[in-house]
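This report concerns only the one structure given below.
Chain naming follows the written order as A, B, C, D, E and F, and within any one chain the residues start at number 1.
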Amino acid sequence: MQQVRVDRGADPVISPDALLKEVELLASEGARFTTMICLDLDPEFEIIYLFQKPTLDVVRLRVRMAKDEELPSISSILLGAVLMENEIREFFGVKIINLAIDFKCRMLLSEKSLQMPLLKVRPKPKLTGGGE
Amino acid sequence: MSGELLVSLLVLLPVAVAVCCLALRNAAAQKVLLLPAMVLLMVAAAALALRVLPEGPFALTPAAVWDNIVAVLDYVILAYFLYIGVTSRNGLVLGLAVVLAVLLPVVQFGVLGGHVAVSPVFHIDALAIVMCLVISVVGSLIVLYATDYMPAHEAHLKLERTRQPQFFFWFVLFLGVMNGLVFANSLLWLFFFWEVTTLCCYHLIRHNLTDEARENALRALWMNLVGSVAMVAGIGLAYNNAGTISIQELVTGGSALVLLPLALFCLTGFTKAAQAPFQSWLLGAMVAPTPVSALLHSSTMVKAGVYLVLRLAPGYADTSLSLLVAIFGAFVFMVTSLLAIGQNISKRVLAYSTIANLGLIVCCAGINTDLAIAAGIALIIFHAVSKGMLFMAVGVAEQQIGSRDIEDLDGLAARRPVLTIAAVIGMLSMLFLPFGVAFAKWAAIEAAGAQAGWFIAVVTFLAVGSAATLVFWSKWLGRMLSGPVVETKEPKPFLAYGTILLLVSGAVGLSIFVTPLITVLIQPALSGMGYDQAFDVAGWHLRTTFGFFPPWALFLAVAAAVLLPALAARGYRKELDPVYLCGVNVDGPELWFTGIAGEPVQATTGGAYWTQLFGEARLTPLSNWSALVLLVALLAGVILR
Amino acid sequence: MGFLKRARVKSPWILHYCTGGCNGCDIEILACLTPLYDVERFGMLNIGNPKHADVLMITGPVNWKNREVLQRLYAQTPDPKVVIAVGACAATGGVFHNCVNTLGGVDKVIPVDVYVRGCAARPEAIIDGVVLALQKLEEKRSGGVAHAAGAR
Amino acid sequence: MPLMSGNLIKNLFSGPATRPYPIVKREPFPRARARLAYDPDKCTYCGICANICPAAAISVEEDRENLHISRVYNSFACISCARCAELCPQGSLRMEVSPHGAADAKTVAYSASKET
Amino acid sequence: MTLTWPIIIAVAAVLLAPLVGGLLRGLDRKLTARMQGRLGPPLTQPFYDFGKLVGKSRSVSSRASIAWVWSYFLLTLTAFALFFLGQDLLVVFFILAFAGGALAFGALSARSPYARFGANRELLQMLSYEPILLLAAVAIYFQTGGFTVYSVFEANQPLLPFLPLVFVAVLVALGIKMRKSPFDIAASEHAHQELVRGVYTEYSGPHLALIELTHWYELVLLMAFLALFWVQPLWVGVLIAFAAYFLELWIDNIAARLRWSWMLGASWGVGIGFIVANLVLLSVLL
Amino acid sequence: MARVTFPFGPQHPVLPEAIQLQLTCEDERVVEVLPVIGYMHRGIEKAAEANLYPNNIFLCERICGICSFIHALCYCELIEGMMRVEVPPRAKYLRVVWSELSRIHSHMLWLGLLADSFGFESLFMQCWRAREIILDTLEMTTGQRVIQSSCVIGGVRRDIDLDMEPGVRRQMAAFQKELKSIYPVFAKDYTVKLRTVGKGVLPRDQAWSLGTVGPTLRGSGWADDARTLGYAVYDDLGFEPVVEIGCDSYARMMVRLREVVQSVELVIKALDQMPEGDLTVTVKSFPEGEGLIRVEQPRGELVEYARGNGTAYLERLKVRTPTFSNIPALLVMLPGCELADVPVITMSIDPCIACTER
C-alpha cells in the first residue's frame, strides 16, 4: 500500500534562493518534475515540489517564502514545470520569475474572473473582482 | 507604300529613334518623340501585313554592300564581347567570345569562302508578319509604357544623372533588330541580328548598374554566346552539307544532311528562349526595370528563340529530332510550371511561366503537325499580349506598393481595383479555356495526343504541366481578390494604364476573335511554311480532325459565368461578417484573434509554396540535369543517325 | 414553400461546443452520432463550423474565458438557429454552481431554447432535446427575430 | 490495407445496430438513475437533503408569513447522484428509473416553463 | 451531326442531374451509414439539406467569394452541358478546371486562414487529378480517334477492355473529386477535419446550397464520364459507373485520410503511371 | 517565407473540448505552437474548499466525464488514507472493476477519436459501437453511463451481486469479440500506419524529462504505471505495465490498444477473485493533516494532494491531472510536423482539457 499520509518532518525545507541549486542537483540525478503544490499559510506560502526519480519514487521538497518574496522558476532546468508555475502564479500571486513561457497570469483565468482565487487572505488593494 | 519602304521603316525607324533618344535627356521630350514614332511603327507593321497577307511572301535583297557592312559589324560586336569578357574578368564570356572569334572567321572565310549571295536576304512571309506584328504592336506599347515607368523608376532610385537616354536607346533599338531578325532569310543576316539582340539584352539587364545587375547581364551574355557558337557552327555545317545558308532552302530542301545544323539552330533557339538548363539568365533578367522584362518576355528576345525553332520546324518534320524537340519542350513546360509553384516573387513566377510557355511553343514545333504549329503560332501571339501586360501590371504594382512579393499583393483589389482587374483578366487569359493561351494548350495537347508512340511522354508532360500552371496562377490570382477596404486613391499614370488596358482588351479581343485570327493570320502562316490547314473553320467554330472548339459559345457561357456573378456581388451592400477563427476573433476589420495570455494576435494567411517539393533548391538541379541529358540526346541522336 | 420549411426540420446541422463542463455531456453528444443512436437518421450532422450550423449544442457552465467565444459563435451562426443547453451544468451550473470561474449556465450568455436534463445527459435525452429544438426551429423564420447576442 | 473490409461486410449484412430511440424505447436498467421522485407525505422538511445536495438542486424554503414549508427541486440542476435519497431519514426521496429508459419527454422543457 | 438531339439530351441532363446527383449523394450517405452499422439518413436527405440551406440567412465575409461561388456553379454547368452536347472532352475538362479554379479563388479571396488552407489544398488536388483527366481524354482518343464525346459513341467497341488501367486512374480522380478518403484533404465530406471543411469554411446558407448543387452536377458528370467506358449498350456503362461509385464508398470506409504529399504521389504514380502504361501496352500490342 | 498564424481551437471540429493551439505554419509545416488554455477552467480546487468533504467526491467525478470514476476513487482513497480507514476487500475489487471499465471506455473513446482525427470515420464508429457495450455494463452496475457516482469514502455504494455478475461477464465476452475485429485495423492497416508511424516522435529521455505520464510515457519505453504501486487491489491481480518502444503516435496507440485488452482481462480476473463481504465501512471522523496519492488514470498518473484541518471542509485540494503533465510534450512534438498531422499528434497524448484545467 502506498503511503498516503504525508510525514511533514521528512521533507527538507529550503528558502527560494536555495531552490535552483537543489533542483539542479536533482535533475543531474535524472529526476523529473512531477508537480508542485502551493499552500497559503498566511502570512507565508509553502510550496511543495514533487520530483520523480527514474526509480519512480517521489521526492519532496518544500519551499517556505514570504508572500512578496520572489521565487525563481525551475522551468529553465525542467521545462515540464512551466505550466504549473504559471498556474501557481495565477492562482496565488506567487512572484515566480524567469518563466520559460509566460502566460502573464492569463493562462486559466480571464481578466473578468476573480483573480488569485485560491488566496485565503486577500491583499489590501482589492483586485478586479469577477462574477456578477 | 512600297514593301521595301515598309520593311526598312520597320527595321530602321527604331534604330533612328533609338539614336535620337540618346540625345534627349528630358523625359517629356522622349515622350513626344516616342509616341508618334511608335504609332508609326505599328502602322507600318499593319501596312506590311496588309500587303503580305493577301499577296503572299515578300522578298527583298538589299544591295550587296550591306552584306559587307553586316559582316564588319559582326566583328565589331564580337570585339565588344571580347572587351566585355576582358574588363569583367568573366571567364565564360571571354572564353566563348574567343571561341566565336575563332569560329566565325573559320566559317565565314574557310567554309563559306568569304561571301555567299543569298537570295532573297529577306523573306517576309505570314509567319514573319505574325512576329512583326507582335514585335511592333506589343513592343511599341511597352515602349510607351516605359515612358511613364522610367521617370518614376529613376525618381525612386534618386539618380543624379538620368540614364534614360541609354535605356531608351537599347530599348527601342531592340524592336528594329527584332524585326530584322524575323524578316531575315540569310543565316548570316540572322546571325547579325541575333548578336545585336544579345547585345541589347545585355545592356538592358545591366541598366541599373548594381552588382547583381552586372552579374546577371554577364550570365545572360555567356548563355546567349553559347547559342551564338552553335549557330555559327550550324551555319558552317549547313553550307558544308547542303550548300546553302538560306533558311527557306534549308527548310524546304528536305535533305537529311541538314538535320545536324538544324539541331544546332534549335539549340541556339533554346538558349535564347531560356529553356532549361539555360533558364537562369531570364530569371536573372528581372533585376532590370520592369519594362525590360515585359519586352524580353513578350515580344522580343525569347520570342526570337522560339521563332527560330518554329521557323525551322518543316525542315525536321517527321524525324527523331522533331520528337526530341517535342519531348524537350514539353519537359521544360512541365518542370518550369512546377518550379513556378514554389516562387513567391511575382516577377519570378511570370518568368517561369514565360519559360514554360516557350517550352510549350518549342514542343509544338516538335510535334510538328498542322495543328501543333498553329498552336505554336497562336501561343506566340497570345502569350506576348498577356505576358507583356502582366509584367506591366506587376511593375506598376511594384512601384505603387513597393514590393514584388506575391504575399504583399494580398488583397490588392481593395487598394488598386483597376490594376487588379486588369491583372486578373490577364491571368485568366493565361490560364483558362476560352482565352487564347489555353486554346493553344488545348490544341497542343490534342495535336500531341494524336501522335502515337513516344508522344505519350509529351502528352504526359503537357498534362502535368498544365495542371501545374493552374496551381501557380490560381493561388496568386485568388489572393489579390479581396481585402480590407483601404481608402486610397489609385494613381493612374496615363500611358502606363492606357497601354495595360489596351493589352488587356487585346488579350480578350483576340481570344474572342480567335476564328478570324486563325483564318487571317495563322492559316496563311501555316501554308507559308508548307503545312496544311489545321482547322476546319465552319462559321463560328473551329473543328480539327478529331476535336472541336466553339470559341464564341464558350465565350458567351464563360462571360456569363464570371461577369454576372461579379456584377451581382458588387451589388451586395450588407456589412461583411467576420471570418471563421474558431470563435476567438477580435472584432475589427483586420484578422485578429485572442491568442496566448489573452492578447490579440494577428492572423496571417501567407500563401502556400510547398517548397520542399517545388522549391528551386530541389527542382532546379533535377530539371537542369534532365534537360541537359535531353539536349545531349537530341544532338547525339542527330549525329549518330 | 412547404418543402423548404419541412427541409429545415429535416436537416439540423449541429455545432457542438463545450464551454467548460466536464466532458461527460460532450462524449454523450458524440455518442449520439455513433451507430447505436445515429442521429444522422434525422439528418443531423455534427458540422463543426458555426457558419454552417443550425443547432448549437452547448455543454458546460460557461466560464469567463469562454463567454465571448460563445457569444461570437452564436453571432456567427446564421438564422434561423436554436440553442440547446445540454446537461445540468449548461442549464444551471449544476455541480459547478459554486465554482468561482463559471457563470452558471448557458442562458446567462446567449438565449437558450431547449434544456436537456442530466449529468451526464443521456443520448436518449439529447435526442429528445433535438426533437424539441426542431419544433422550435420550425416556428422560427429565416432572418426572423434576431436575438441580440449576449442577452444578459 | 483493406483490413476494415471484414467489419464493413459484417455491418452491411447484419443490418444497422441503431436503436430506433424515440420510436422504440429500450427497457431501462433497474439501477438506472434518471430523476428524483419525491413523496411529500413522508417528508418532514428536515432540510438534510437540501444541505447535502452537491449541486444545490434542492432547497427547503420556509415561508414564515404563510406558515408554509416547501421543498423545491430543480431537476435541471440535479446531477443524479442519489445522495439525497440515501440520506433522507424519512425515505421520501428515491431515484426514479424512468419508465422509458434514460429519458422521457419530461426530461426536456422549454426555457419559459423551466420548472422548479 | 444535327444539333437537335444533343440539345434535347443536354437540356434533359441539366434538368435531371440535380435529381440524380442528389439521389446519388443520398445513396452515398445511406450506404456509408450502413457500412458503419448505422441506419443512416433517408435517401432524400441531400434534398432536405439543400432546401434547408437555401432557406437560411447568409453570412458573407468577402464579396469576391460569393461571386466566385456562382462562377463555380455556372462554369460547372457549362462543362456539364458541353459534355452532354457531345463536345470535345478536353474542352470539357478545361472548363471544369476553370470551375475548380473558381472555387479556389472564392476561398482564397475570403482571407480566412482555414479557407485559404483549403483552397491551397484544393489546388493541390487539382494538380493531382487534372493530368489524369486530360490523359484519360487522350487515351480515349487513342481508342476512338476523336476527342469528342460524340466520337466515343461513334466508335463501335467498348473502351473498358482496352483501357482498363485508364479506368482505374479515373477512379483515383473520382475519389479526389468526391472528396472521399484517402483523398479528402481540402474539404472533407465529413466535418471532423483539421481545416473545418476547408474551401467551404466561409460559405453559409444559400451559397453552401449552391456548392452542394454544383457537386451534384460534378458527380453526375464524372459518373457519365465513367459510363463512357462502355457505351454499347449504354446501360452496361451506367452499371459500371455505379459499381465504381460503390467501390469509391468502400474505399472511403476502409482508409484513413492521407496527406497531400501522399495524394500527389499516389495520383501521379497510380493515375498517370497507369494511363501511360495502358497506352504503351496498347501501342505495343495493337 | 510566407507564414500563416491562426488559432486552432477553442471551437474546432477535431477538438471535442475547448483548447486553442496558436499555430504558425510555413506552407503546411508547423513552425510554432503556443497552447492557449483556460477555456475549460472552472475552479474546482477552490470549490472543493467550500464543499463538505464527502460532496467533493461528486465534484471530483465531474472534473472529467471520461475518467470520472478514477477521480472519485482517487479522492476517496486519499481521504481514507488520511483518516486511516481500511476499506472492505470487496469494495476494493469493485473499485478495480469499475476503474478498468472506465479505462476501457476511455481508451475506446480515444481510439475512435484518433481514427476520426485521421479521417477514418468507419473505424471511429466501430470503436464507439464497441464502447457502448462497456457503457451498458457501467449503467447496468452503477446506474449511470459516464458518471457513476459509485465510490464513497469508506467503500462503494453499489454491488455487482450474483445475479448481475454473469451479465457483466457476458458483456465482457461480447466486447472482446468486438475488440478482435478492431484491433488488427489499428495495429496493421496500411493507411493507419501511414498516418501514425513516425508521427510525433517523443524520444525516450525527452519523454521522461518533459514529465509525460501514462501511455505517452509508456509509448516511449518507460514502464511507469501507478497501478504498480498497488492501490485498491492491483497487487493481487498481478498487474504488469504495457510498454512500447516506438516513441511515436503509433506506439502510444498500441499502448492504449493493448491496455484495453489487458483491462478486460483485469476485470474478468477481479470478478473471479472477488471476495464476499461488506461494501462500506462507516466513516465518522474528519480528515486531518496532509495526504498525497498517485493513481493511474487512462491518460496517466493522477497526483492528488489534500490538506485537512479536522473539520468537514478541506483546507486545500490539489489535483495534478495527467494531461497537465503531457501538454509540454505537445510543444516538442508539434513543431516541424505537417498541419495534417496536428490532429493526430495532438490526439496522441489523449488530451483531456477538462481534467487539465479543472
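The working rule: a residue touches a chain if its C-beta (ideal position, glycine included) is under 8 Å from a C-beta of that chain, and two chains touch if they have at least 3 such contacts.
Just so it is clear, the model here is predicted, and its values are computed rather than measured.
Asker: Compute the shortest path length in steps from subunit C to subunit F over the network of touching chains.
Answerer: The fewest steps needed to get from subunit C to subunit F is 1.
Asker: In contact with subunit D and with subunit F at once: which chains are those? Just list them.
Answerer: C, E
Asker: If you take the mean of the Cα atoms for each chain, which one ends up farthest from subunit C?
Answerer: When every chain centre is compared against subunit C, the largest gap points to B.
Asker: Return the chain whose centre of C-alpha atoms lies at maximal distance from the corresponding centre of subunit A.
Answerer: It is B.
Asker: I want to compare two interfaces, C-E and A-C. Which one has more contacting C-beta pairs?
Answerer: By the number of C-beta pairs in contact, the winner is C-E.
Asker: Using mean CA coordinates as chain centres, what's the gap between subunit D and subunit E in Å?
Answerer: 49
Asker: Rounded to a whole Å, what is the gap between the Cα centroids of subunit C and subunit D?
Answerer: That gives a centre separation of 20 Å.
Asker: Measuring from the mean C-alpha position of subunit A to the mean C-alpha position of subunit E, what distance in angstrom results?
Answerer: That gives a centre separation of 58 Å.
Asker: Could you state the distance in Å from the CA-based centre of subunit A to that of subunit F?
Answerer: Chain centres of subunit A and subunit F, defined by C-alpha means, are spaced 25 Å apart.
Asker: Mark out which residues of subunit D touch at least two other chains, giving numbers and ranges.
Answerer: 1, 3-4, 8, 16-18, 20, 54-55, 79-80, 102
Asker: Using the touch rule from the top of the page, what residues of subunit B touch 2 or more other chains?
Answerer: Where subunit B meets two or more other chains at a single residue, that happens at 577-578, 580-584, 594, 596-598, 603-605, 607-608, 610.
Asker: If you look at subunit F, which of its residues touch at least two other chains?
Answerer: 4-6, 8, 10-14, 28, 34, 38, 41, 43, 46, 51, 58-59, 62, 120, 122-123, 125-126, 129, 144-145, 147, 189, 191
Asker: Taking all chains into account, which pairs touch?
Answerer: By the stated definition, chains touch in these pairs: A-B, A-C, A-F, B-C, B-E, B-F, C-D, C-E, C-F, D-E, D-F, E-F.
Asker: Touching subunit D in the complex: which residues of subunit E?
Answerer: Going by the criterion above, the answer is residues 33-40, 250, 253-255.
Asker: Quick check: in the complex, which residue numbers of subunit F touch subunit A?
Answerer: Within the complex, subunit F touches subunit A at residues 34, 37-38, 41, 43, 45-46, 77-78, 80-82, 84, 208-212, 224, 228-231, 289-294, 303, 305, 307, 315-316, 318, 320, 324-325, 327-328, 357.
Asker: Considering the complex alone, what residue numbers of subunit D touch subunit E?
Answerer: Listed in rising order, the residues are 1-5, 8, 11-12, 14, 16-18, 20.
Asker: Can you check the complex and tell me which residues of subunit C touch subunit F?
Answerer: Within the complex, subunit C touches subunit F at residues 15-28, 30-31, 34-36, 46-50, 60-61, 63, 65-66, 69, 73, 89, 94-96, 98-102, 119-120, 122.
Asker: Within their complex, state which residues of subunit E touch subunit C.
Answerer: By the definition above, subunit E touches subunit C via 29, 33, 36-42, 45, 47-59, 191-192, 196-197, 200-205, 208.
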